[in-house]
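Following are the structures in question.
Two complexes come next, and they have one chain in common, chain A, joined by chain B in the first and chain C in the second.
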Partner chain A sequence: MGAAVCNWCKRLEMPIIVFAYLALIPLLSVNMASEIIIFSIYALSYNLLYGFMGRLSVGPMLFLGAGVYGAAMCCVYLTANPIACIAAGIVCGALLGMLLGPVTVRAAGAAFALVNMAFNQVGFFMIQTGLAGWTGGSDGKSLYFDPIGPLDFNKPNHVFGLALVCLLAAFFLMRRLTESPFGIIIKTIKENERRGNFLGYNIYGTKLLVYVITAAVSAFAGALYAIMFGYVTPSFISPARNIEVIFATLIGGRGNIYGSLLGGAIFILISSYLPNIIQRWELFFGLILLASVFWFSKGIPGIMDLFGPKKQDVNASAKGGLR
Partner chain B sequence: MISVIAYGLTLGGILYIISIGFSFTFGTMKIVNYAHALIFTIGGYILYATLPRIGFYPAAVLAATLGVIPIAFIIERFVIRNLYGESVDLTIIATYAVFLIGLDVLKWIWGSNPLQMSDPINKTFTFLGTELPVYRMAVIVIALALAILIEIFLQRSMAGKIVIAGLEDKETVRGLGISVQRYFTMVFIIGSALAALGGVLYAPITVVEPYMGFQILMLSFAVVIVGGLGNWRGTFVAAFFLGMVMSVTGRWWGPASEVAVFAILAVSLLIHPIDI
Partner chain C sequence: MPSQPILETRDLSIAFGEYKAVDKVDFLINTGDCAGIIGPNGAGKSTFFNMLTGMYTPTAGAVFYQGVNITRLPVEKRVALGMVRTFQLVSVFDSLTVLQNMIPPVDRFRRQYANKRLFYFGEAESPEVVECCRTWLAKVGIEKRGREMTANLSYGEKRKLEIAMALSLEPKILLLDEPLAGLSDVEIKDVLGLIGGLRGKFTILLIEHKISQIQNLVRRLSVMHEGRMIAQGEPLEIIHDREIRRIYWGAGAE
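Moving on, here comes the complex of A and B:
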């Protein structure tokens, strides 16, 4: 793509995204479209950690759950104002990220993945059993949010509008973040952490900041989930569901913010419609996952490259050597 | 007090039996094997299925332990072997996918309801005024016997020595003209059989359900990290230490037992970070 085409694309990308999601409503339903949008916000945040920084975490549900439960507890015990609840959810996620980040970002690779999963397991356990007196345990709690003026988030259309605005905000944040000099440091951590350290960048601080941003944006998506569904259960923090967002990021293409939108939509569609066709859909989900690791590890953008015009890939040989 | 210590040792023994295979796969091939949790669960299910037909507990244990070997071989041949040299994140996702596939097959065959099993020995004995189930003591004895067998295997046999050398430096061993791959496959299969044995021994203490391996995997990961990567003696000490921690904190407040293990894991990572 030439530079001129790129500039033209960028100016129009926000309207195109809005139009694409509005077009989903007649095809699917308002609720399904909202779910896709919220899941895409979650996938965007995870893509920053895994796609751009190269740190696979098997515990992002912890931060989603922090947002869900932060918003829900705010709604039940403090105020039912939805905006205040979203803020409470984000603050919960960010604080949890700041608390766990100094421990987790010291690890890399497999240790990072599994330490996050361990904390996710602890969080799940605390929500389900430890703090069951407040959170409602495995029964969960149902929520009712007050309307603000003409906006009533108990109506699906209003939730859709809120989710779309939030998605645009998250998308804008991720685009600015990954294209900034800070974003280049993030990619440096993925490619060669030691060299970044040697050049004098604050690698530890960057990793911690990325971890906290991921936590906060995941919690943002979680708070929106709480508003959309109107109830909370421990399934929103269950470590068994971590694979969903990993799948979305892998299939959409790692390190590609459009990929998160695509992967998020694909996952929600698969998980909603495949069970209607095949009862054992998790089996097929596992097979798709296995196939995408072995043959399409670059996700859908990689598949499209196969059919598109041949590009000169300067980095291909270098990347193969660095593994 | 005595019953708390005895339960801690039982848990430690089971954790050791499960973790040793995980530790070797992690240490030699640098692969986090989620499928290990699957093998563990399959062991429990095979015991559940064979025990009523055979009727003799040790024979059912043997059937379950040997029964998973073909499954472990298939996983090694078609998934793990193709992952050598891949980046860590892809190996985690691939073995997780195997775990999901296996889990769904288990649910297909046996359903997702928890299945209860009874204590196979169902006798107790009195020690210092405390009644203890014989079965739990048997688990401790089996774990200790296995630890001694593994020590002998690693120190005395050629294969064991090659595995130790592979833990240290795989490339040099390969440079000496030894096909490391074959020995790693062997260790993988032995480790999987032990995981199944762990599942078999754990099943009568708790219930058999598809997700039983999930939690155990986290605990055995904690054991491997606290004990030191690729350090089989450290794994032994860490397993019994963490089993004891779980038992003592569980006595004080049930939900705290896992939290304490993961807190120790976090402290251990803070003291010396791992990057693999």
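Moving on, here comes the complex of A and C:
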């Protein structure tokens, strides 16, 4: 009985997501809805690395930026076909992940976080100064994408449609990856990576693969940003913005793909509307972050559990008995 | 055939800085045998085990598995050859359910793993895999707890789960690192019965701290002391050797 209900939920899941995002358009605006969707793709990719595999990176903007600049450079110097530009962005992100992964995934904990931040810093410098002749440096570049048949991504509605289709694809990919045997291996890495080795799995290879997938999907989101905004600036790769996706993941709940959608939407809403009310909105942002780290480690789904129907908490009593 | 050596070490040594944790150990275990290594704390038993299974790389000497030098073979490839181990501190995944714990080892040598599409995108808890997991759990007597979070299991049940995970990898040689450590008397009896039932199916090598618990279980006993293998032989022989009694039970016992 329960399984049948669950199957129905899964069948209806995609339509529900589509409907929810369509409902955002009259509530907010098309552009805002698109931004939420694209940011959620980015949050989904980061959740795989941090939420499921337990590797906190303080440099995910590097891969978002790789996608943004990959798509932008393709648009400026090669072809303005938006599909080709998205592909270029994903390839840039994946290649960068393959290049850096062998170095970064050997580390864990603080070392992993900081190595990523260092690479992000290098990337930011390269975009802003090192390759300024190509990238436009701090001024950035404005982009114009060719229409493909009836699809013209200079129109907000078309961007929304594109973003939504891409989100569904990314969501489907993440759900399959996390519910498969591979997904269980990823979760075991979070808890005890050596043990997975002794179960016959190449854990280094798994970590590298997850890192590259995260890089590629982040870059995918980045490429969509380039198309949506129609310009690029180094702020798209700025290490100062790393906290955004970490915040979204914490708020939505680590290791929960629905949480990425929720956290992504909440972050964009807070960062868009709170500044209208309070000038120094980052203060509240920081307070929410503190609260979610110290009290609500499961994010908003965890808070909802507090108010939801009480489950028989075997877990708590067992733990209480032990200590 | 049964007297063929399955695992052999020659001059196996490892040093951490100046300290020689394991010093020139020659060790041999035959296919189908059940052997134990005993020794006081800090004798180098676990370090020796870690070199056998690939967690540490020895500073000198070699490990041979079925006549092949595997000294530098990565851990996961040794598992593929049939070398499976458990840990002194029981190591299962608390954040997963008991069934989910069983999936990686059960899956490893099945069609699902060979088929990369199923491995990356297929449903982990497919009916046939779940069925297979339950069979293994039934063998150690914890099949009723399959859907529970592993964190809720008692230490003894976790130990049984760990053994089930090891068995489902279908080992040719099973290395048990202090399988009785931290268990209650009842659980010790359970686990000893479990291990006893496995004798003859494949080779078993176990480490134990207390000699009394395994003297009836194993056919051969080796004694480690300060990084060296000081004696090997029949359990009773070893126990009654005066020199070994002096070293093992220490000066205080005499």
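One rule holds for everything that comes next: the second predicted complex is superposed on the first by the 310 of 323 C-alpha atoms of A that agree within 3 Å, B and C clash if a C-alpha of one lies under 4 Å from a C-alpha of the other, contacts with A are read in each partner's own complex, and residues count from 1 in each chain.
Just so it is clear, a contact is a pair of C-beta atoms (placed from the backbone, for glycine too) under 8 Å apart; a residue touches a chain by one contact, two chains touch by 3 or more.
Being a predicted model, the structure only gives us computed values, none of them experimental.
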Touched partner set for A:Leu143, first chain B, second chain C, both or neither: neither
Partner chain(s) touched by A:Gly200 [first = chain B, second = chain C, both, neither]: second
Partner chain(s) touched by A:Gln121 [first = chain B, second = chain C, both, neither]: first
Partner contacting more residues of chain A (chain B vs chain C): B
First (chain B), second (chain C), both or neither touched by A:Asn192: second
Partner chain(s) touched by A:Leu44 [first = chain B, second = chain C, both, neither]: neither
Touched partner set for A:Leu250, first chain B, second chain C, both or neither: first
Partner chain in contact with A:Leu177 - chain B first, chain C second, else both or neither: second
Chain A - residues contacting chain B, complex: 50, 54, 56, 58, 103, 106-111, 113-115, 117-119, 121-122, 125-126, 129-130, 239-240, 243, 246, 250, 280, 282-283, 285-287, 289-290, 293-294, 297, 323
In the complex, chain B residues that touch chain A: 26, 30, 32, 79, 82, 85-90, 92-94, 96-101, 103-105, 107-108, 211, 214-215, 218, 221-222, 225, 254-256, 258-259, 262, 265-266, 269-270, 273-276
Residue numbers on chain C that touch chain A, as the complex places them: 53, 55, 74-76, 79-80, 84-85, 87, 91-96, 100, 103-105, 107-109, 112-113, 118-124, 129, 148-149, 151-152, 165, 169
Complex contacts: residues of chain A adjacent to chain C: 176-177, 179-185, 187-188, 190-192, 194-203, 314-315, 318-319
